[in-house]
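Heads up, the next two complexes both have chain A, just with different partners, chain B and then chain C.
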Partner chain A sequence: MTRTRTPGISRRSTLALMGAGAMSVAAPWVARAQAKTVKIGMPTILSGRVAQLGTSSRNAVMLEVDKVNAAGGLAGRQIEMVVRDSKGQPQEAARVARELVNTDGCELLLDGEASSGSFAVHEVARDLGVLCIHTCSEASSLTADPKQHIPNAFRCVRQGIHDSIVGGSYAAAISKAKGLKKWATCSPDYAYGRDTTGEFTLYLKRFAPDVEVISESWPKLFQPDYTEVVTKILQAKPQALYSCLWGGDLTSYIDQANIYAMFTQMEVFAVNMADYTALTVVKNLPKGIHSGNRYIKTYPSTPENAAWGDAYKAKYNEYPTNWSWQNATAVMFLAEAAKKANSTDGKKLAEVLAGLTIKCPFGADGTVTMRGDDHTLVGYAIGWGTTIPQEPYVPEVKAGDWKTIFELEAEWKKSKGYT
Partner chain B sequence: MDLDALTGCLSSSACLVTQTTSGLIIGMLLFLVAVGLTLIFGVLKIVNFSHGAFYMFGAYFAMTAYHLTESFALAMLAGAAGTAILGLIFERVFMSRVYGADVLMQLLVCYAFVLIFDDVVRLIWGPEFKSMGMPAAFQVMPLFIAGGVVPPYYLLLIGVALVAAIVLGIGLSRSRIGKVIRAAAHNPGMVSALGINTGLIYGGVFALGGMLAGLAGALAAPVRSLTPGMGFSVLIESFIVTVIGGMGSIVGALVGALLIGLIRSFGSLGFPLFTEGLMYLFMVIVLVSKPTGLFGKEAA
Partner chain C sequence: MTELEAGRAQALVPVRSGAALHRYRDVLIALIAFAVLASLPFFTGSKALLDFVIRCSAYGLFATSLNLLVGYTGLTSFGHGMFFGLGAYSFGLIMQKLGLSIPVAFVATLAVTAVIAAVIGAICVRLKDIYFAFVTLAFQMLIHSTILSWASFTGGDQGLRGGIPRPEFLGINLANHVHLYIASCALLILGLLAMRQIAQSPFGYTLRMIRDNAARASFLGIDVWRAKLTVFVLAALFAAMGGMVMALFVSGAYPEFAYWTISGEGIFINMLGGVSTFLGPMVGTVLLLLLNDTVTRFTEYHGIVLGVVILFFALGLRKGLLDFVAEWFSQRRDAGEGR
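Take a look at the complex of A and B:
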């Protein structure tokens, strides 16, 4: 059997593609007449290894959008969500975001991408001028770096640097109390793992200067077996271990470290442990792992937060994730901003959003704020505690102090040359 | 590079014991997957790129059986038997159609099934990761041998894999079926002319290969998280093992797998940032000095 067709893109299809590209530029979204409903586009990860997080983002958005629509919608217009799968690939996220605005007529964007994709969507927002709220990316530079700043983009997400400051000070306090001087780290070998671990140890050493990191392990992301890493850490005999492994990698690691009785030999600080995705999957969760709060319905321990967690579980038959509360909060911000601006116009919403404080079940004091100068979320509930193997999983959470966070964050920004 | 850590470890019995057993565990699981791969290649002359899927199914079958019955033995049995049946069906219905076809064709069929099997798992068990949990009998303190740490579960794991290796080795060299299989690998036309059903032999070998990979998956299930696509990384390492050991050689698969396991466990001490690289480097050295692999036979 022979085929004569040459591979690759022919001249004709290239021309067709270019034509299609020109069309989409020539038909800007702003020119559309205001429809009865307001479409909000949302690229997120609905397939692949972290699909669970993307699905939980969509679920949380839908939960809140239903409430907003039942209460009359955004400035009188019903919300219609258009959620698309980016497969977790940055170039796909950018393409989907552009298509949502240009082809589907979405007037606002909720960017449910992980850090890798969010920077790509951010550039699309910069290019198209459409209002965009990032709802999943924790990478500090997304809003801290003034080069990234655009008036129409906001980040409604916890931030890496906040977590590091709170985690570092929490761990330092325990280090001092228990005399933990020798530390080991074990984190996935990619930007998130390296940055987060670096920042955590920076603040740990700042608050407890006699701490020494004696062993570092950098397993690959999605590595199936951690035995050699576990035994290496056992050889080093540290008194404490920090890890920012997450999801299936973290549960694998715990299962494998468990049979070496690692958790009886050192204090373990795993920032991503206290998330229902990991807590409910690990069958033999060791007692006493220190973790940051991702999302648990018992922290902040308010009736509002518990009710929200239960409502989510009732609707979707599983607990919300860290990505869930962030996405829900973004919809709450949009609803409040639309009420204040009495409009769904992106520019007007952006003006109101900057500096806006709203009541929110996930706030440290019942409110959260979209900080005006760098368009990022502050005042959310943030803290660390230790795990137990059954609900409520983290019975007591020591809250982070936002005053300290602000001081050290400002200092960090200066050291990075951001201010 | 951290050569001090490596030499320090080599001179301490505690470290030596711990790292060697950790290397053996990684190696033995890898051996179970790789030996199926090499067996299928040796007899069927097919490079089974979908082999990782059997490892994955073994783990999922074991988890489901364990959660239903709470019995670890039944879980292992379900993992092994389930994948054996799956292997037989897969070979008879699909793979048997591409024997003698272009290598590219075989590759495409296998790759298609890598994707299909992943999606089947996603449909049945869901896209999120799962954990089987360690059976209560093995939730005990690890043993301390010469100061080194050895978890009892890993002793069982090494034992099971070793038994499988011995049974396989003796079975193939001594038993009648083993002789027929070897004959079929050598000259299928003649075997068939002697009145032996080669189709059955092929199906049986494929089922055996699938079963070994499934057993590896079942043994790994209590300590590794289960996700669709979990077979892929194991497959890549299995290929390295078969290339080092020599395609078609069972002893080669055993030696290759143990070498890779030991390289990983000691490499992570001495070359923490180059552990993966070491495996490939070792493969390159073997390929350059002996292109057929350590125990591979020269092509006729």
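Take a look at the complex of A and C:
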């Protein structure tokens, strides 16, 4: 009896394929021996709507890591960054963070996640006990809420509540000077938008009690068409408008509101305007929009900050974002802490980090501090100014007062039941 | 797909006669599978492998339960992810707010899911085809929006924060990684076994009849609406189990769990693995997670890679992987017998 071979894949090649498959599947799971380099893992958002911010975070980290490595590394060990995309999904962020620590052997984590993803990574840090610095999540509760507090997690990010206090007092001063009593708000309909707007109006009314909010609009996040919002605001005829729209939402809103000449009819306070991602994208940037500083290289107006912004631009051919300076600052903190602790051990670093003050181009007085009791960043440059259509975009920024911020923040924490 | 199903229907006729025997075989396979999975931690120290299996359990339960609707009953639900999210949120909220023991919270979550699924199902299963798909999608968006806007209760878009407490019960401590792993494997195997029993029971064959010809089933005296509603609720329960495993894995619940993209992933998994075999979705789960994990290691353009893979399956194979393999084997066997 002769056997004819049936067409298709032979047994031998099937076995070979299976073997190759098994190898490629098993390879990432074979734990690697600890190397001389220290690996830092970074889950962040590199695809989707906010990919630009995640990429700018990675860029800033690499810029700083190169400097640290050139200067001898973290306590003598060269840094190797492992940056991975989480797609902005919390379950992916948690998985990637665990994988970075458990499989890739990362000893430290920089958490470049926003919103829910940062809380998911926070739980991973709680579970694995690895040192974690959040670098992008502005949600105040991440560090203000004592239930969230763990000894090995820090937040190196500006905070919504700080922005609102400074914005509220700045806007109140202008309100009094120009007699702006009727206000409207227009902010994205999710926790950040609602909370930040609520806090802003709270402090606005505190500093200028006769202010009245006559119209509120809550467009959806990533809404493409703002016509109805714009017309609603115009019909209400407010004297001033507050908005915490950001990124692409803010730029499309401004482009669409420009058609109705909205910016000539009222004073506009857009806290997220002074960020290059928004400033450089708007087609006709109106003159005189009030904005908080996100990142601009002219504020703080120091040579260090300008040099940092230019170095970033020279390397990546675009300006840094708000996420960039935060991530760069996190690396600066790690470098300084490793120097002080003379170690890369997470526990020792955490002890040094709590309460650490470092020199930093983004500090209000040239330094920033990782506050000891709630592990969050304070003392960074924060202020408001008005826009012009060309560089430097926001020529003069009025600095916020950190003493007032601390007082009101403590009061706010008490009102939330955090202290 | 219809040809494929017709072929299987013929093959299944003799199976019915030995149903009891096959049931024992299924239990045996399940026991062996559990033994193999449970012994894994003794052979490898790789936490990533255990993480992988835990996630496979969550998505596998979810995708297989979706196949009860899509493959067995012909109800293409675009909103099945809502029960995944519902399971995660109910479980997380019960554990955080009431502090019950884990088994009680588990059962309570299933009860909550059953009630909500019965209400949603009662409205949806009256509809057919695209209308059913879109109304389920609408309900999913309703649940997702509720989670987002009821921030005082659900934490809004930041999710359930502060971690899910995991008190010990019966000597099982789910805060321990290996314990969580074994518990997830047990839930997966039990869930799959239960779904297998449903699929092979007379009720399961009723579902196939409804899928192939609902009018005929109705003429034979079957209450089609009731059968569809029953399987809708059952599928929701298993999806909620998957959600609970995921909630335990990430120690939280996030609105993304109830978003339509999760339903989309479920459909995609079913397309990858195939809907004409019971284990198709499980194969699809392993395939998708493997692809996802390996591709994201190397590139942030994973969307392109996954898209090409979908195209390959949709245009190239025109069926899921396990469908393809099953067909290939039966062709080989037929060719062998013919010689």
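Everything that follows uses one rule, which is that the second predicted complex is superposed on the first by the 385 of 419 C-alpha atoms of A that agree within 3 Å, B and C clash if a C-alpha of one lies under 4 Å from a C-alpha of the other, contacts with A are read in each partner's own complex, and residues count from 1 in each chain.
As a convention for this text, a residue touches a chain if its C-beta (ideal position, glycine included) is under 8 Å from a C-beta of that chain, and two chains touch if they have at least 3 such contacts.
Given the structure is predicted, the values throughout are model-derived calculations rather than measurements.
Participant: Just to be sure I read the superposition right, which of the two partners does A:E304 touch: chain B = first, chain C = second, or both, or neither?
Facilitator: Neither partner.
Participant: By the touch definition at the top of the document, which applies to A:E391: first (chain B), second (chain C), both, or neither?
Facilitator: neither
Participant: Does chain B (first) or chain C (second) touch A:W218, or do both, or does neither?
Facilitator: In the superposed model, A:W218 contacts chain B only, not chain C.
Participant: If you stack the two complexes on chain A, which partner ends up touching A:E351: first (chain B), second (chain C), both, or neither?
Facilitator: Neither partner.
Participant: Go through the superposed model and pick first if A:D401 touches only chain B, second if only chain C, both, or neither.
Facilitator: After superposing on A, A:D401 lies clear of both chain B and chain C.
Participant: Look at A:D66 in the shared chain and tell me whether it touches chain B only, chain C only, both, or neither; answer first, second, both or neither.
Facilitator: neither
Participant: Touching A:S47 in the superposition: chain B (first), chain C (second), both, neither?
Facilitator: A:S47: touches chain B and chain C.
Participant: If you stack the two complexes on chain A, which partner ends up touching A:D145: first (chain B), second (chain C), both, or neither?
Facilitator: second
Participant: Identify the overlap between the chain B-contacting and the chain C-contacting residues of chain A.
Facilitator: The answer is residues 47, 51 of chain A.
Participant: For chain A, which residues count as touching chain B in their complex?
Facilitator: Answer in residue numbers: 47-49, 51-52, 216-218, 220, 222-225, 227-232, 234-235, 247-249, 251-252, 255-256, 258-261, 277, 281-284.
Participant: Considering the complex alone, what residue numbers of chain C touch chain A?
Facilitator: Those in contact with chain A are residues 44-49, 51, 55, 148, 151, 156-159, 161-163, 175, 246, 249-252, 254-257, 261, 290, 293-294, 296-297, 300-303, 328, 332, 335.
Participant: Quick one: in the complex, what on chain B touches chain A?
Facilitator: 5, 9, 14-15, 18-19, 22-23, 25-26, 29, 127-134, 138-139, 141-142, 149, 151-154, 220, 222-225, 227, 229-230, 233-234, 264-265, 267-269, 272-273, 275-276
Participant: Quick one: which bits of chain A touch chain C in the complex? Just the residue numbers, please.
Facilitator: Contact set of chain A toward chain C: 6, 8, 24-25, 28-31, 46-47, 51, 84-85, 87, 89-92, 94-96, 98-99, 102-103, 115-116, 119-120, 122-123, 126-127, 139, 141, 145, 147-148, 190-192, 194.
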